[in-house]
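By letter and in written order, the chains are A, B and C; residue numbering begins at 1 in each of them.
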Amino acid sequence: MAHPKEPNRLQLNDQGRLRHFLTLDGLDRATLTEILDTADSFIEVGARSIKKVPLLRGKTVVNLFFEASTRTRSTFELAAKRLSADVLNLNISTSATSKGESLSDTLQNLEAMASDMFVVRHSQSGAPHFIAESVTPNVSIINAGDGRHAHPTQAMLDMLTIRQHKGAFEGLTVAIVGDILHSRVARSQIRALNTLGVSEVRVIAPNTLLPVDIESLGVSVFSTMKEGLDAVDVIIMLRLQKERMEGALLPSEHEFYELYGLTTEKLEYAKPDSIVMHPGPINRGVEIESAVADGPQSVILNQVTNGIAVRMAVMSMAMSGQTAAISAATPE
Amino acid sequence: MAHPKEPNRLQLNDQGRLRHFLTLDGLDRATLTEILDTADSFIEVGARSIKKVPLLRGKTVVNLFFEASTRTRSTFELAAKRLSADVLNLNISTSATSKGESLSDTLQNLEAMASDMFVVRHSQSGAPHFIAESVTPNVSIINAGDGRHAHPTQAMLDMLTIRQHKGAFEGLTVAIVGDILHSRVARSQIRALNTLGVSEVRVIAPNTLLPVDIESLGVSVFSTMKEGLDAVDVIIMLRLQKERMEGALLPSEHEFYELYGLTTEKLEYAKPDSIVMHPGPINRGVEIESAVADGPQSVILNQVTNGIAVRMAVMSMAMSGQTAAISAATPE
Amino acid sequence: MAHPKEPNRLQLNDQGRLRHFLTLDGLDRATLTEILDTADSFIEVGARSIKKVPLLRGKTVVNLFFEASTRTRSTFELAAKRLSADVLNLNISTSATSKGESLSDTLQNLEAMASDMFVVRHSQSGAPHFIAESVTPNVSIINAGDGRHAHPTQAMLDMLTIRQHKGAFEGLTVAIVGDILHSRVARSQIRALNTLGVSEVRVIAPNTLLPVDIESLGVSVFSTMKEGLDAVDVIIMLRLQKERMEGALLPSEHEFYELYGLTTEKLEYAKPDSIVMHPGPINRGVEIESAVADGPQSVILNQVTNGIAVRMAVMSMAMSGQTAAISAATPE
């Protein structure tokens, strides 16, 4: 499965509004900004005594996880429930397909049950696009991570966190550190940062953890923390995807930490008011020193809070875009 | 466990209304028609923007699955949530009974938690009857499939699908094809079709996949598709229950397909406006050719949609019958 | 992990109201009575047609089970749903920590998702205290059983059951029978009974199933049923925690039943109007004879019903105490 050349043909409706949320590729600055603004309004809901809005009341959201991830599934489940949706959690690897049913048949069945939204996590790049290609107009697809391709809600919660702390994207230098090669998050982040207009996106990694086409994504490549972190505003540490590594691309965790782990010492290369981000779960002492993860420049827990708000934002926007598309298509 | 001779003593209240839903045996045409009419009203709910009615608000529905079935459990879960019930999913095989507790104690505990309805799936024929015998008047039992005995909501969703497409049951010839022997669905379907007044129910199967008492159920038996499908209005394909087969009743999947698989070619024996049904999940190329499953005569996905509506119907009717029975039994 | 010397520093707010519910140690009679009175009001909710109150609407309750217990988890899930909360079930042993994340990081993440309450079950004594020490003011912890230490909601549902049947605690003699050593319930029960003012708490057990410090808890120790049950008002049987036993502390289940199993015969030592309790699941023929478990003096199923009401009570009280504490701490 490969993702299509024109993702927006799929993910935008005829009015140019989101109706699926598959990738940041092709989304313009106005759309990303609208997502961030909508998420900001949901941050306020999370701080209320009654953390619920009726935007998805009577809608059925199915968490279709072909790859287990309790953490990501929980954030989507909470986001959907706070939007008042009914939620059905399906771990597809252990259900229907084990009875020999094809993916396509499973999806058509869920559609026929009048589901309104599938939140899809899959180990294969492009799976959410494939599903979005085939579903009826009454279902919206939200990409919750597909292979090495994208994890667009993670990237958008990172953008929200940067905007909260830095006010704007203009003039910022952002460094992404670690295993770029295996990271679906990094690709989405690079796309979002460039679209939102930062001054410079840097990646800091050993050559073995960089994709071959990396410079074409619009980044500067650094191989040492000293050079790469010099005077940056934002440091995004990636999780070392041990479970994704095939073969011996790394000498050892210890050596990785020596070279690329974010320590108090290395943090001093960055600006004094720089912020430190990590998508979690943290491997303390591998990617990051505990003193930094828990230190005053860390905004890691803000990212988690923002994750709920961003997921509420894209779910409510996609549902609204779906409804508009259906109305437009219905003859008077 | 055997099911009782007079199921209606259990499943109807003193006013003759459903208060459990265990089997179609003994239910008269008026009751089946009421289920179909009620389901029709819920079809409309599934098409609304807010797919929710408050009929079971504040009620607790427990999905008691002694046999795993993600698909069936999901449809009951969605049906209950769209009726606004609180839902508790219990996979009994993996919980209390593993601590050495008896089934009866588990059930009494769930009753004591003020549960209002148990949706029961069990590999033993008669288990839902057994449970209905023992529960308090405050709990309704819905049979979600028991052994080889019955799967009455599946049969009723099939009836709803037939009525939607054919308008009425009078004058119809219906063929049920495949593994009748191991199918709890087939028994329920035959019962329902005869009660609702079709002209003829046919079964088409090799002798090895027919129960010995089959003709007593009111069917004509055919051993070839050519004869059995001749001029029928409705074709119901059964799922080849591979996991239920013990021993070698079938030569091979390939040979089965040659003889009983529904292909474009064999479909021509039936009336041109005949409809094709299958309970899912489909084994493409075993029971049915893909071109037929996805073709213009297939109503397989309508069956799925109708499944939610029928489950909402029997759940709301049983709850209403339970409430009426309790009021009638309460002294002024 | 050990529990702190002053649990109330943690579990009461500055106004002396519950804001966590960790242990009965240190809670005074007025507080226990308030829990029982609040639970009484929820008993009435469980008998209503619509079993729901909006006290926790828009709140997020996370069932954090580090030790599997379908039964206990189900009662908390139902209690939370009847209070209108959104519920997230997490079986922690199988999720984030398997990715190498520390407990503390998992908790901080859940807090950052704006969770309002963690219901914690853990095999280590003191784990809920440890968690309560570290969480933000916006989260309340409810202890759903920790190691051998405490199971305070179980003890309070037992107190509610005793008060329902005996009217008051004054003048009562209560015997607790069985494996005191491995029972987290027994410790909580002894504490509650003494605080609520019963005349005498007895424990009946072989020496091998008694903790060394047992008399310091304020109980009389008996080694035979004949002496221990003499003229008691309440008999609390404990579950034989087979899965907790290490080594051969018991000769055999059969011998245990001979000596300490509650039979019709031994029940006659107690007062004629004595009540029989058991936390479930029951091992019939090991701790208790079926005729007694199902007999007229048994209130075992009342305990289950009361379990939902007590859990609703402590959850709503802790949430209210949390809110009051946050308001008090907020500058005008």
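A few remarks follow.
Here, contacts are C-beta pairs under 8 Å (C-beta built on N, C-alpha and C of every residue); 3 or more make two chains touch, one makes a residue touch a chain.
Because the structure is predicted, anything quoted here is derived from the model rather than measured.
Annotation, subunit A versus subunit B: rotation angle of 120 degrees from the Cα superposition, expressed as a multiple of 5. Taken over every residue number at the interface, the positions common to subunit B and subunit C amount to under half, indicating a different-residue contact. Annotation: 41 Å between the Cα-based centres of subunit B and subunit C. Across the assembly, subunit A contributes no residue in contact with two or more other chains.
The touching residues of subunit B, when paired with subunit A in their complex, are 46-52, 70-71, 74-75, 77-78, 81-82, 280-284, 301-302, 304-305, 307-308. Residue ranges of subunit B in contact with subunit C, taken from their complex: 57-60, 86, 88, 90, 94-96, 99-102, 105-106, 108-109, 111-114, 323.
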